[in-house]
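Each of the two complexes below includes chain A, the first together with chain B, the second together with chain C.
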Partner chain A sequence: MNLQEKINQDFSQYKTQANSSDAFVQLREQAFTEFEKLGFPSTKHEEWKYTNLKPIAEQSFQATCEINPAVHAFVKQSIFSTIQANRLVFVNGSFVQELSTMLETNTEIIIGSLATERHKHKTIFEAHFGKYAQVEGQALNALNTALLSDGAFVVVPDGKTVSHPIVILNITDSSAINVLAQPRNLVVIGKSASVTIIEAYEAMGTNAAFTNGVTEVYAAENAHVEHYKIQQQAGESYQNNFTQIFQEANTNINHVTLTLDGTMVRNNLHFYMNGENCNSLLYGLYITDSKDFVDNHTRVDHAKPNCFSDEKYKGILKDQSTAVFNGKIMVHLDAQKTNAYQRNQNILLSDDATVNTKPQLEIFADDVKCTHGATIGQLDEEPMFYLRSRGIPEDVARKLLLNAFADDIAEKINIPELVTLLEQQIEHKL
Partner chain B sequence: MLEIKELKAEIEGKKILNGINLVVKPGEVHAIMGPNGAGKSTLSSVLAGRADYEVTGGTVSFNGKDLLDMAPEDRAREGVFLAFQYPVEIPGVSTTNFLKTAINEKRKYLGLEPMEATDFLKFMREKMELMEMDKALTSRSLNEGFSGGEKKRNEVFQMAMLEPQLSIMDETDSGLDIDALRLVSTGVNKLKDGKRSFVVITHYQRLLDYIVPDFVHVLYKGRIVKSGDANLAKELEVKGYDWIKEEVEAGA
Partner chain C sequence: MAEEVDIIDQVVGQEYKYGFTTNIEMDTAPMGLTEDTIRFISAKKNEPEWMLEYRLKAYKYWLTLPDPNWQNFHYPPINYQDIIFYAAPKEKIKLDSLDQVDPELLKTFEKLGISLTEQKRLTGVAVDAVFDSVSIATTFKDQLKEKGVIFCSMSEAIHEHPELVKKYLSSVVPHTDNFFAALNSAVFSDGSFVYIPKGVRCPMELSTYFRINAENTGQFERTLIIADEGAYVSYLEGCTAPMRDENQLHAAVVELVALDNAEIKYSTVQNWYPGDKEGKGGIYNFVTKRGICLGDHAKISWTQVETGSAITWKYPSCILKGDYSVGEFFSVAVTNNMQQADTGTKMIHIGKHTKSRIVSKGISAGKSHNTYRGLVKVNKKAEKARNYTQCDSMLIGDRSGAHTFPYIEINNKSAMVEHEASTSKIGEDQIFYCNQRGIGTEEAIGLIVNGFCREVLNQLPMEFAVEAQKLLAVSLEGSVG
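Our next item is the complex of A and B:
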């Protein structure tokens, strides 16, 4: 059966088991209706102009999939296992307890599987779940909401700090068949609380894998969140990822997306500043090769005055790969004294690589400072000749220059293991 | 050491060098002067291996090897150094990392083990003191935000680190005030050891007050039209280039 047929089957199966008096179930039924109405977005949709989901939708999918024992070895050798962290491991969207690790000793802090924890913490779950990631008009969010498998549920109470990073490791295992994974994360950070979250995506197996993930992050007043999204899914991997970060006053969010592998990756990163004096930092780096495709759509909503946002996305493209950047900054009517910066810079290493970039500013306030810009080019010849004239061979010089280009983003990463991973990928890919 | 014979080069079909002949022996300092557009910078670019120029005739041998046949990095590793007229800013690459890479690539080329990190730092510290370099400059990105004078001093510092046999200095004096000029020249003079050679390309005589040449050549229309000793530079300072142009035109 194709993807649509699988989705229909999965949902009718879900409905036979679900208790429709549960608010959560009702939410999912509404989401499914929305998805049925919208269908998969086509390239005729302005927001999906360059991103074609057809290759995934046409794949054949089966109903279920057993967990492959080889996953254990895969997790063990993963770089994300080297980080001292609270680790939640999901395989094809399902939580795997025996592969997960918990270091946090404060029992007030919730770090666990959404499917289990939501029952234990019903009030806070219902207060936040589905409140930030929009379903109306967003087919893939609707799909995720209707058919989500599992994901991380993190709650940090007021004033608390999670002492180690939380790694949410998502693995698709397509060793036996094509797979569909729909992880769903909910992160609720209390007042003056802080946390570091690393969302990682890896893949094993040679069949196709489609990940359709949604993450909602709520940051109460004075909260501080470091959020990393690391995508390196090898093989035939497709991913659509939606993240909504909702900020109350005086919050600081540092977000970095690294897209290092994947056949097709579409990221939607939305920030909403719902209070004054927020800092929102959005950084991204994508390194693409072969015929890979990476699309970063970002949206920053300056809804209140006196907020600051800084966005920088950089890309290095090889072979026949394609990247899309579409960054929208919305400065609402009463968001005076907004400072918003946005840049997208790309280096093409091949004549056959393509970048489509569209920085957008929509400003309704009249006292703001906003800049945006985009560049697409090749590695400059002058620095190259300069390095070579000092005895550095061409390939070493190119690596030095590309590392320097990536360094801008690497310096925003406060986890040494992730910087190492990035350096390795640059070394390996370039 | 360096032997240039009948060197001809052009860029985009425009002939710039029309048969240069020059022999530089170990320990010698040669100044190449000439009016704007004479081909001075082209000569340095061709010797360093810049790709924009096409060599259409002649030969250049360096220690008996065909220099024109080598990639720019190989020329450098054989011992040729070009001090740029406009040193390039490279954000994200620290001067230290850059120099360590350059030195170790040269050592690899010569069949030597890479320098230990501590030995490298010690070596760099010595050269920094010798060149009176500000420590802060080496931890910053290569040339990024450097003043004109700092960039030129960084070129001479790199020269000290890479220990070339032949240094070609392309209008190192351009854009320097008198204090920076003195610092740069002092640096260069400290590197003279009787074996190293220098080709100093300049439009003005004032640099040659500090780096005293053994030979002065005047380049005009892509040829060396007059050679002499340091006094020729002084004569040019007083009389300008017009009399040379006239001599050449009359001869032609």
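Our next item is the complex of A and C:
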């Protein structure tokens, strides 16, 4: 049974148990209709031109709630267990209470699983869920909405600060079968509140895993959010990720995506600035080897005047790996005094590596400053020569230069443990 | 702000200068497109059998294609049965000299500032004038013949140099390339043909002047330029059309072939009728232009100044097949009022050590939209390929749009590819600076825009550069407050 058939079966099964008078259930039914209409996007779709989903759509994947005891040991040795944090652990998309830890003492702050907390905080849930991540025309968002398993539900009331970072650790365990995980996170940050969120993706097991995640972040006026996404799924792991960040006036968002492993990773990161004086910072680093494929699609919507966005994505490609970057800056009508920057830089270390990049600007206002740029090349010969002429061996010099290249992104990370992780990975991969 | 709007209202767009029509007896094909239309065109031109077969093949392929829909602009679907695919001034006898050309026609070209009378040697440019679908006259033929340069109309070339036409026609833009290329291959009526023999540096600029005149017609011309080993040619193209309320289609195909060490420089100043302020009428300029550097060390350079047309949709491209070959693209696209442009280039690096450079300047004013779309592709075998792309946009007025869609596909690690783009508006301080020194706002804008485009204008041959600068000032007149 391929994925499409499996999905149809899963949904009809879900329908028999669901109470169709529930608004949430109706939303899911609508989403499923949309998914049925769209199907898996093909490479003929402009947004999926370079990303072929066939290997996923033709395999069989299964959603499962069973927890393998080996997961406990896996979580313990994970680097994300070393961070002093509120930790929510999801295995194959299901929340695992006994592996999670909670440090937050303020009971007004909600940090928990979506499946249970949504009943307790129905008004907040219904006011925000599915309001930002678009389902129309987005087949995989629709699929996630229709068949989501679980995910994090974070609500920070006005004026509150979460004292420790919140780690949302997603693990796919494919030891027994090919697994399908569809995590769905909802983060609602009140006025003048602040929070740090680390979304991490890891994998264990020898079969294939497909993660199709959606994260919605709502930031009310003056909110401050640090959002990190760390992807290091070993083995045959496929991942599609959609993150929609919705900003009200005077909000600051700092987002960093690190893609360190994964057979096929597709990230869709959308920012929407719905108020004036917003800052959106989005940074990314991808290091790929073997036949890995990484695709970063970003979109920044400057809908209101006087906002600032800065985007920088960097990539180091080895072996036969492929990277895709598609950045879109959309300056809406009357979003005057917009400042938007976008850069994508790639270093190719192998003749078989491929980079496809599309830095795009769409501008409908005249008083704006927008620049974008893309570069693709090898390591510069001059600094290399400089180092070698001072007695530094070639491989050390190369490592030094690559580290310097990656450092640009590393310095945007405010959590020391993550920087260490990144350094280790660079050391290990290069 | 109110003051700004006033100025805009006062002076928006000078009237289109070339909007007159010429009353001349025309020979036209029946309206619409069927196999018979193609046979009619082919018969009119007395074409050999292989040409007709080629046309029919293209037509059959065209029938299978849906209208393209990926572009970044809107236009109402074109009804291809409402177009006259062939219109020619009535031919009385075969023309031997210019004296026999209809004086009405000569007057038209004189009005446009194109001299067909060879006495005006000062201009030093050989002209092929294409009126509606047919080449009227080609000047300086004899002088070019001495050097072995062939410069004639396409229909002449099909008869007189069939071996060259057969070898190269459709070799760069096959009829299967795209919707409009297929259409053009089926119905093209005329165009220019240039062949520069081995080692010859063409002694003068070659130029084609296109004029659409008849109503309801589409213009489909086909240009083929071949530069043999070590040859050099600089080619210019200019165009105008009368003002009409309906949209007219111009779907041309241009193919350039450069062999070893050859260089082709192709410059366009496009000034088709852009439609009125409300966007009524105007030319749809849907053109396929592509050059191939077949040999090593070949060079193809495109320069375009696009100021006219209701919609401009074209991507003059270079296929860099020979090692060490060079492709260049310099473009200024200006849109005003309701005009739309989706233009750019493709640089396909196949050979080793190939280089390409793209400089694109987009200026959008009024309610117009200007899109740069470009592809830089480095194939796996294209070692040490180098590309530099710069595309800058300038916005004038808060209802205009500027869009950039570059595609960069790299399959070789030794490639060095850079892309840079920026968007800005004309700074108030810049205008203030000029005003302060007694330069009026209009003039200041002309000055700033010309400065913005200078890199591209510098690439144009002298005579054209002057014209282009004036054209820029005229197209933008009154668009700024």
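Simple rule for what comes next: the second predicted complex is superposed on the first by the 426 of 430 C-alpha atoms of A that agree within 3 Å, B and C clash if a C-alpha of one lies under 4 Å from a C-alpha of the other, contacts with A are read in each partner's own complex, and residues count from 1 in each chain.
The working rule: a contact is a pair of C-beta atoms (placed from the backbone, for glycine too) under 8 Å apart; a residue touches a chain by one contact, two chains touch by 3 or more.
It should be emphasised that the depicted structure is a prediction, and the values quoted were computed from it without experimental measurement.
Ranking chain B and chain C by residues of chain A touched puts C first.
Look at A:A18: by the touch rule set out above, it reaches neither chain B nor chain C. In the overlay built on the shared chain, the residue A:D367 is in contact with chain C alone; chain B does not reach it. Contact with chain C, but none with chain B, is seen for A:D334 once the two complexes are overlaid on the shared chain. By the touch criterion stated above, A:I79 is placed in contact with neither chain B nor chain C. Of the two partner chains, neither chain B nor chain C is touched by A:A234.
Residues of chain A that lie in the contact sets of both chain B and chain C are absent, per the superposition on chain A.
Residue ranges of chain A in contact with chain B, taken from their complex: 381-383, 385-394, 396-397, 400-401, 403-405, 407-408. Contact residues on chain B toward chain A in their complex (touch as defined above): 48-51, 71-73, 75-77, 81-82, 84, 87-88, 90-93, 97-98, 101-102, 105-106, 109, 141, 158, 162. Looking at the complex, you find that chain A touches chain C at residues 46, 333-334, 336, 346, 348-351, 353-378. Touching chain A in their complex are the following residues of chain C: 70, 380, 393, 395-425.
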